[in-house]
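See the structures that follow.
The following pair of complexes shares a single chain, chain A, combined with chain B in the former and chain C in the latter.
Moving on to the complex of A and B:
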C-alpha cells in the first residue's frame, strides 16, 4: 500500500520535477496561446470598428473622433482600471530589469482596451505596444501561478511579448528578435527555446483565427547595383526621420504636461490636433496599415510634395497622440513613416536622375520601413525580420540589412538609446543581465555589512584606544557618542600612527582630537553602484553605514567585490 | 530588512490619529518610524509573488504643503525623530514603487476608500492584499488614538497563529508589556494539544518561563469570549488559513475579531518572516 502511494506520480509532481528548459517551453507555449489570442482580439476589434468609423471620416465633426477616443482611453486607464503605468513597452522592460518580471494582472487587458479606443478613433499609434504589455502581463501572471523564480519569470514575460508581436504581424522571427533584442537584452539558449516556441504558437493562433496571410504583398523587384548605392541615402534619410520622431515625442510629452494637468483633456487636445491634421492628410490617422498596403502595392503615387508632407504629418501626429497620453505603440507608425519616406525618396531620386531605371516605389518603401523601425527601436534585427516577414520579401534581404544597420548606426550617434530605453536609462533602471549594474542590484548594503568593528568613544584616552587597536584586526575604528550612540567620525590606523610610538601622549590625547569627522557615510538604502563610485572618489577601502545617525557597520570594497563575484556565479547558474 | 515602521500619512484629523498610533507603537518597540507622504494617487508594492497596487483615497493627497509639517510635529511631540521616505524607483513617472522590506507597516482599515468607510468589520481589499503578501506584520490601528498597556495574541494553533505568537513575543520583549495568549479551544483539541503545538515549534519556553499568561476558553462562543479581551490590549492575530478559499478570504476567527474588537491590531500574514 505504502509503496504504491510512493510510486504514484501526480501531474503536479511530474511538472515540478521536470527539466527547467522543458518546463519553460511548456509554459511558453501556454503563454503563446493567450498572447496570440490577445493580439487577435485587438486586431479584429480594430478592423471592425475602423471599418464603421471610416464611413464617417468625411463629416464635419470627424476631427473630434481622435480627441474623444484619446480622452476615453485616458479616462478608462485612470479611473476605470486605475492603471497608471508608463508607456507599455518600457514598463515591461522595467519589470524584467528590476522586478523579476512581475507585472500587474490588470495590464493584461487594460492597455488592450485603451489602445483600442485610441487607435480605432483615429489616433496615430499602433496596436503592438498594447499587445506586448498584454502578452507580457499574461506571461508574468502565468509564471507566478507556476511558482517560477524571478529569472524564469523574466523569460516567460519575454515569451508573452514575443507571442504578441508574432501573432499581430504573423511574423514569428520578428517576435523572437523583438523579445531578445528589446525586452530581455540577452541572447542565450535558455531564453531562445521557450521564446521561439511561444512565438510560433502565437503565430499559429493568429493563423488559425485570421488565416495565414502576408500582411503587405509586394511585386517582384528588379534592382541593380545603383539601387543598392541609393540605399545609403535612404538609410541617412530614415535615420533623420527617426531622430525627428524621437525628439518630437519627448517634446510633446513635456509640453503637454505644461499645458494642463487634466490628463484626459491633455489626451483629447492631442487627439483633436491629430484629427485636424487628418482632415488634410487622412494618411496619418489610425494605425495606417491601409496606407502601407497601398504604397507597397504601388497604388499610391501622390508625388514628392504630398509624400513629404504625409511623412512629416505622420511624425507629428504620432508624437502628439502618444506624447499627449494616448495609448498605443510605435511599430505601426514607424512602418507608415518608413514607407512614406521611401516613397518620397524614390520620387526624389527619380526626378533628379530620370535616366536611371530605379527599382520602384515599393522597393524603397519597404527599405524605408526597415530603416525607421531599426533606428527608433535601436533594434536592427527586429526591423529586418519584421519587414522581411510582413512583406514576404526574403529576396531583398541584402538591401534591408544594409538600410537597417546604417540607419540604426547613424541615429545611434545622435540618439544613442532606443525610444523604449531612454527613460529607463535616465533613471538608472535599465539593468541588462550579466552587467555590473544588474549584479550589484541583486545585492544590498545590509547583506555586505561588516559588524565586527570595535567602537570607540570621543572621550577615550589614547592609551585605551591603543589597547583596542591591539585587539582589533581592522584598520578602521568608528567613533560613536557614548551616551546617544550617534556616529561622530572615524579613525584610520594611519591617523594615529604618529602617536602610537610616543607613550608620553597616551594620557594627554583623547580620541575626539584625532578622529576624522569629515567622513563620507552611506545609508542602507543606497545603491551599491553609487557606493562603488564613492569608494573611487574618496579613495577609501571602507565606508561607515549610518542610519538615523546610528552606526550600523562598515562596508568594504573587498567584501563588495567578493559578494559581486559570488552573485555573478549565482546569476550564471540561474 | 529595514528596522523601521512604514507609515503612509494622511493629512487629515483621522490621519493624525493613525500616525499617533504608529508613533506610539514605534516608541514602545523602539522602532524608527519612516513616513511616506504620497505625491501621487497610487503606489506599487512589489512583493515576491505579486504586485499590490495601492490606490490611495483623495485624502492622502490633501494639503501637501502642510503634510510634512503636521507629521513632523506629531512625531517630535512623542520624542521620536521623523524620517521621511522618498521613493527612489518608479514604474512610471507618476507610479512610485514602495519597498517591501520594512519591519512593520501601518495601514488603516481602508487605504483606498474614504475614511468615512472605516468601521469595525471592514478591512479594505488593498489592505487585505498587503497582509496576504507582506513578510512584515501590518498594524491596523483603532480609529482613535489610544495607548495600549498589554499585548494579547490570539492562538488557534495554525502556522499563522504561531507566527502571530512570535510577533507578539517580540513586541512584548521590546515594549516590556505583559503578553496574554488567548485560545478558543476547538473540537477535537484540548488544552494540551495547543501546548504541544508550541512545544513542537520550540516556543513553549516562553510559557514555562512564566512570561505569558495563557487563557483558554472552551465554550465555543468566540463572540462572547472576546469580552474578556482587555480594552487596552494590542491584539496580535494571524491572518489566513491553509486552503485556497481561506487564502482568498480571511479566516473566520480574524473576521470575528476585527468585527468585534475596537482595539488596535497587528495582523501577521502567511508570508511573515
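Moving on to the complex of A and C:
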C-alpha cells in the first residue's frame, strides 16, 4: 500500500485506520447532509409547482393532469433512467436484505424526478419514499466510495433513509425509528450511532435551509380520561382503514396488470380516475400536507359525511395512484387518511355523545395519523415519534402510544407484514440479519463442499471396494464412470454392510451392482434452504453435488451444521 | 384434534424432551388440559408453516420392511432348471446358447436378456474361479420377474471366461433376481455352497438334475435362515 511509505499521516491513511464505529459515524454525517438536501429539493419544488397548479385546478381539463403526470413519470422511469419498478422503499429493503446495501447511483435522483411528476400533477402519493430511496442510494454510493464492507454499507443505507425521513418531517427520532424498524429491522448499538447522527444532521440541514418549523401546528388540548377511552375505538378504526388500504393496493396492482400491458397507459388510467375523484373531493389530490395542516389547525370541519367520504376517497385514490405504477410513497397518504379518519371519528362521537366535552378535532386527527402509519408500516415506534415530533409536543404521548400500539396489533392479526415487506416475504427475500434464512442465503454450496471422498468405479469388484472402505473415513462412496468421469450413483455403507463381511461375494459382486442409482443430486447453484428441505424429505445425511454430470463433492448435514453455527457467530456483533 | 408431546415429537421428528422444552419456553403454542400440555393440530400446522418446518405426515414404519420373498437357492434352481451340453467356444456363444435353451417367464425378452448379460460381462467377468461362472444382468427389470431364477448350465466343453483364477469354466449358473437385495442374498448362498471343495468336485462329475437339486437342498438346510444373513 502506498500509505505504508512515509505517508503515515495522510488523511486517507488516517481515515482507513480509524475505528470502524467512528468511521461509520463520520460517513453517516456526510450521508445525512446529502439526504437532507435531497428532501429539501423535492419539498421545495413540490411546493413551488403546487402553487402554480392551484391556479389552474378549476380549468375543465384539470382531471387529466394526474393522468399526464403519472404517464410521464412512468415513461421517465422506464425509458429515460431505466430504473425498473416504481416501488422505492421495498427496493431499499431488498438491497439491504440481499445485495449488501448496493443501490444504483441513478436511483438517487430518478425517483425524485418521477415522484415529483406524479405528486405535483395531483397523484395521491407521498414524497417520502422517493426521498428515502434517494438518500439510501446516496448512502450506498458514498459507502462504496469509502470502500465499506457489505454490512457497513447496509448501515449507511439505513443512514440515508433516516436522514430523508428526518429532514422531510423535521423529525430526527422518526427518522431513526423508521430506519431501524422498517429498513434494517434490528436495533444494535453499531447501527444506532451512525443512523442517529445521519438523522440529526439531515434534520439540521433542512432547518438551516427552511427554518426550524414544526410542520403542523395544533392548539393545546384539554383531554380527559374519556378521551383515552375513545382512543381505543379510534385505534380499531385506523387498523380497519389500514387493512382496507393494504388490500385495495394489492387489488389495484393485480387488476391494473390485467387491464393493459402498456405500462404508461396503466399509470395514466390510474391517474385519470384519481383526477376524476379529485373533481369531487379535491382533498385527495397530491401529497396532502395542506389538508393535514388545515385539519390539525382546525380550519376544516366538513362534518361526518364529507370527512367519511374524504377518508375513503383518499384510500381509493392512493391505491389507484400507487397500484397503477405511479411513483411515490405511502407515508404522506397514510398521514392524510389518518387525519381525515380522526376527524370523522371525532365528528361521529361528538354527535353520538353531544354532552361530553371531547378533546377536539386535531387531537383525534393526530392520533389517527399515528394509528394508520403504525398499522400500514407495522412500525409503531415510527408512528409514535413522527406524530409527536411533527406536532412539537410530548404533552399527549400517552394517547399516541395507546393508539399506535393497539392499531398495529389489531392489523397485525389480519395483515401480519408491513406493506413494504409483503412482496419481499412472498418472494422469500426478506432476510433479516442473524435469522435462519439469512444465514442459509449467505452460505453457498461450494463453501460446504467436501471433496475428500474416495471415488469408486462400477467395474470394481467387491474385494477392491472393501479395501477402499478400509482406507476411508466416510460412509458414502460416489460411483463415477472410470472413463468419462460422469456421476453414476452412490453407495452408502449402511446399505451394503451385510455383504462386506462375506468373502464369498468378494469376487462375484461388482460396485456397479450394489450402487444406488436413484439418488437425489444437488447442483452448486442450489439455494441451501432448498437443500435442507431435500435432506429432510429424503432422510439422508449426505447429498452428492453434481454439475454437468460431473461429481464435485458431497454436501453433508454435519458440515452444514458446523458452518451454520460459525456463520451465526461471525454475524453476531460484539 | 389435540396432540400430546409424543405425537408432536413424531410429527416434527424431534425428541419428546425437546418438544416439552419448547412448550415450556413458549416457542410452541400449547394448551394445558388436566395439568398436561396438549397442542392443537391446527395451531401446530400454522406454527410449522410459519417456521418452515416440514411435518412428517405419513406414519413411518419402524423398520419392519414388507416380508421379503423366500430366497432359497434350491427353489430358484428348481424353477430355473438344469441344462447340459451348452455349446460355444467363447463367452458370447456360450451365453447365446444358454439364453436359447433356458425356460424363462414368457414376458422376458431373450434378446434383451442376452444384451444385459454381455454388458455385465464387459464390465467384469462373472467367472468366480474353480471353473464356475455366475452370469447375471447388472440390473433386472423388476416387474418382469416375480421370483429369482437360477438356471444351471453345464457346458459341452470348458470355455475361457476370463475368470479371476484363469481357469476355464465348465458350469454356469445363470442368475436372475427381481431385486439387487435378493440377488446379493442368493449370491451369498450360492457362493457358500461353491466354497465347499466337495460340492465343486460333485459338480465336476456333472450330476443328474435330481441329484444336484437334492444336494443343494441339503446344503441349504445347513445355512442360517435368510433373515439373519440380512441384519
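Structure notes:
As a convention for this text, the second predicted complex is superposed on the first by the 561 of 574 C-alpha atoms of A that agree within 3 Å, B and C clash if a C-alpha of one lies under 4 Å from a C-alpha of the other, contacts with A are read in each partner's own complex, and residues count from 1 in each chain.
Convention: a residue touches a chain if its C-beta (ideal position, glycine included) is under 8 Å from a C-beta of that chain, and two chains touch if they have at least 3 such contacts.
Please read all numbers here as calculations on a predicted model, not as lab measurements.
Partners chain B and chain C, brought together by superposition on chain A, fit side by side with no clash. Residue contacts after overlaying the shared chain place A:504 against chain C, while chain B stays out of touching range. Once the two complexes are overlaid on the shared chain, A:537 sits against chain C while remaining clear of chain B. Residue contacts after overlaying the shared chain place A:514 against chain C, while chain B stays out of touching range. In the superposed model, the vertex angle chain B-chain A-chain C (Cα centres) comes to 70 degrees (nearest 10). In the superposed pair of complexes, A:144 makes contact with chain B only, with no contact to chain C.
In the superposed pair of complexes, A:106 makes contact with chain B only, with no contact to chain C. In the superposition on chain A, A:458 makes contact with chain C only, not with chain B. Shared-chain residue A:548: touches chain B; no touch with chain C. Of all C-alpha pairs spanning chain B and chain C in the superposed arrangement, the closest lie 19 Å apart. Residues of chain A touching chain B in their complex: 82, 84-86, 91, 94-95, 98-99, 102-104, 106, 144, 423, 427, 429, 446, 524-525, 547-549.
In the complex of the two chains, the chain A residues touching chain C come out as 436, 458-459, 461, 498-499, 502, 504-505, 507-510, 512-514, 529, 533, 536-537. Of all the residues in chain B, the ones that touch chain A in their complex are 1-2, 32, 40-42, 44, 46, 49-51, 53, 55, 81, 83, 88-95, 97. Considering their complex, residues 13, 52, 54, 123-124, 126, 128-129, 134, 138-139, 164, 180, 183-184, 187-188, 191-192, 194-195, 229-231 of chain C touch chain A.
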